[in-house]
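In this document, chain identifiers A, B, C and D correspond to the written order of the chains, with residue numbering beginning at 1 in each.
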Amino acid sequence: MEMKPQRVIADLCRQFYHQGWATGTGGGISIRENGRVYMAPSGVQKERIEEDDIFVLDEQGEVLEAPKKPGLKVSECSSLFYNAFRLRDAGAVLHSHSINALLVTLLSRDAVGGVATSKDVFECTQIEMMKGLAGHGYYDTVQVPIIDNTARECDLADRMADAMKAFPKSHAVLVRRHGVYIWGRDWVHAKTQAECYHYLFEAAVRMRQLGLDASVGEPHVRALEADKGYAAVVASASAGGGKR
Amino acid sequence: MEMKPQRVIADLCRQFYHQGWATGTGGGISIRENGRVYMAPSGVQKERIEEDDIFVLDEQGEVLEAPKKPGLKVSECSSLFYNAFRLRDAGAVLHSHSINALLVTLLSRDAVGGVATSKDVFECTQIEMMKGLAGHGYYDTVQVPIIDNTARECDLADRMADAMKAFPKSHAVLVRRHGVYIWGRDWVHAKTQAECYHYLFEAAVRMRQLGLDASVGEPHVRALEADKGYAAVVASASAGGGKR
Amino acid sequence: MEMKPQRVIADLCRQFYHQGWATGTGGGISIRENGRVYMAPSGVQKERIEEDDIFVLDEQGEVLEAPKKPGLKVSECSSLFYNAFRLRDAGAVLHSHSINALLVTLLSRDAVGGVATSKDVFECTQIEMMKGLAGHGYYDTVQVPIIDNTARECDLADRMADAMKAFPKSHAVLVRRHGVYIWGRDWVHAKTQAECYHYLFEAAVRMRQLGLDASVGEPHVRALEADKGYAAVVASASAGGGKR
Amino acid sequence: MEMKPQRVIADLCRQFYHQGWATGTGGGISIRENGRVYMAPSGVQKERIEEDDIFVLDEQGEVLEAPKKPGLKVSECSSLFYNAFRLRDAGAVLHSHSINALLVTLLSRDAVGGVATSKDVFECTQIEMMKGLAGHGYYDTVQVPIIDNTARECDLADRMADAMKAFPKSHAVLVRRHGVYIWGRDWVHAKTQAECYHYLFEAAVRMRQLGLDASVGEPHVRALEADKGYAAVVASASAGGGKR
């Protein structure tokens, strides 16, 4: 339990890799403990990180200790991690590229005249796993804000901060066509929140494949007609234009 | 084979975690042996449980030995586990949050005027794996009762007991939008039953995605029109109301 | 490479368990070497088999050595394994309960007046992995016979033998709503054939989910209208009768 | 980090096997380092390769060192690996039979009068993981050429070379109904590129299952009508002919 933060980060990055949250050098986790912030380097194979590869920063984001291995640099999403440290006093933040997280950002939208209008929130209700999320009961609606992606990851920081302020109950921010940031009071809590959120994302995607809508609970469960909602509207509206 | 129950629980929790049955601190297993009941603590990472974390209770549910680690408490679903010990003389009970288990509780239903009427039983027939379930032959119909979920897990106990009495052949009770409880005469038997049930749940979900209904066997196999059954009825009926 | 057959069987059973081929005590592998047949016991957890649990039989099916552990008995599908030893001079046979194998037995069929007429062969063409199957080129059509399942596994033996004679090029026989038997000249060959067949089964199921038919190659690739082929015929024809 | 190339190849083949890239003896990786090329043998179980099984060749393709184990021969796709060494100065090339790679080669096409006209490129846009590909930004379109498969793998070499010249930005060539070749400046880079490409392939297939088209980004996201595009055209046009 009392492992060094560097050891925890290396172990969790390996685990996240095998869960599909951190392939292609993406994803990762940062821990804040006793006034120090521990962070994996950018652009490296996450399942092969070792303790010595971890950066140590102060709470203002200044690097205190850099790995001896040449060529390593601090993660580009450093400012996103600091959002959770500063705005929520988080003890750990993780970033995942899970494909289910990516897919739910595309399911939550409306269509107006062939152009998709982003609905900027993921919603689900009445799924037991919601109870694992801090502050949520079974009959509540879990809401996770969705922000649009940017060409450079560091440009997401302000959008993420705004979303965190607008959704104070959420421990996560989804990034459209990208993934999700999730935090907690320490690494155990952050990881647990992450498992619950990823479970809900997968359940919502798989419910959708069966024609069901995760945002509507009993007794007014809403089933989706086969691709008649959003999909058909956009498809018919855009049939004339666009490449095929 | 003659491992301590504490060791077995720790090993199985780790295995269940990696099978997607026990993420987000949910799920777990309890063993009853020689008048004692062994149970994992509530709300902890199930893949990291150690022997010393396991509670020992008597058959009335009183704690005999508590883990030394501070802050641990007995699982909230303790009364659900005791249902299987008392009503079925089970030697082990497990609880799973498998997404396939959750999904089959949503597939088994009828629609009346836009409101979903729960059909409170999962059914399948003519799948070889059914033979692994105690008391079932290939041409039988496996029936697993589905009870509605509650805001607090402990409130499920009476519903579960009623369902167990109504379906005496079943070694499992599904909980809608939640998961499943499965038991057996010892941990090997409970685990084997659980693997068979989870296989059947997955097969039923995947058959549904291919337009087939697992509750109808040869030669009158019933294929489902694409989202025409339940889904279309509810969707068209509810098109006027509800949020979109 | 020169491992004892008992060791190989224990290792492969563990591997097959984790691939979803041998859960719920189902599935397994038998090896024939130097006039002896090695076989796992029936009804045990396949991922926990040890060398000492393996039976040794002669080529007539008589048990030469039984495990010391009490209560173990020879697999009920023993006669099915011997089909491959006798009719094909196989050195190893395996049995899998893979859900993809089960699903392809349900995809291959026609519908006549609401009753499903089994089409008793799985077919695919123009998939590179076919080349891994002995005697098949890329432009051939792989054919795997499908036999109907029976209440008792041992009653399948004659059907399996007939199918093997009718499809001399196949190294596999599918059993409807059950799984598949696959063999080869030794365990490496049998396992390799099995990986190729399972890949083809998964590809066929996933192509079907995307509206494509694995039995038709270029340039006349046939896409399936959404559930219009078999599914719609049966569904509309059976709408009047049967339970819903 | 400074492992022998033989050790790296054995480790990565094991990893690729478990990721579904290299089952049935298919798939693999070759490394070029200091004027030598290291390559796994053909037709062997990729998850059980050992250091001593690896061939060493020179840059002209001549074998310098062959494994002592009898019966091993150089991979039939040797000439395909050399394409990447020669045309792109690659330090490593891998070959994957991933089913998602296979499926995207079937999704990218048009239909003319019931005959499928291959659209010989996979495209996607606005998915964060694209940034992991050398030379691609978030708003670009990733293009991976698709070449038709051949009866013998070695006959693919010229087609692959042509595709590489036509798509100079791509680090990958897809082979229809077969898989994909992916390369990089060293094994770490090749593996990272491969993880990004496989992520994009999976995302595209799963978007398709939800009625979305990965080749169209915001704000003109295009949803696909349920099997109305390519599928319906071919299905209706071919309804008269071909086997059903």
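As a convention for this text, a contact is a pair of C-beta atoms (placed from the backbone, for glycine too) under 8 Å apart; a residue touches a chain by one contact, two chains touch by 3 or more.
Here the structure is a predicted model, which means the values were calculated and not measured.
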Chain D against chain C, contact positions shared by both copies (same if over half, else different): different
From chain A, the most remote chain by mean C-alpha position: C
Whole-Å gap separating chain B and chain D, where each centre is the average of the chain's CA atoms: 40
Length of the line joining the C-alpha centres of chain B and chain C, rounded to whole Å: 28
Two or more partner chains touched - positions in chain B: 209, 226
Interchain contacts (touch definition) - all pairs: A-B, A-D, B-C, C-D
In the complex with chain D, residue positions of chain C that touch it: 110, 126-129, 132, 137-139, 188, 191-192, 195-196, 198-199, 202-203, 206-207, 209-212, 215-226, 228-229
Chain C-facing residues of chain D, complex: 23-26, 45, 97, 99, 102-103, 106-107, 109, 111, 114-116, 118, 148-151, 175-179, 205, 208-209, 226-227, 230-236, 238, 241-244
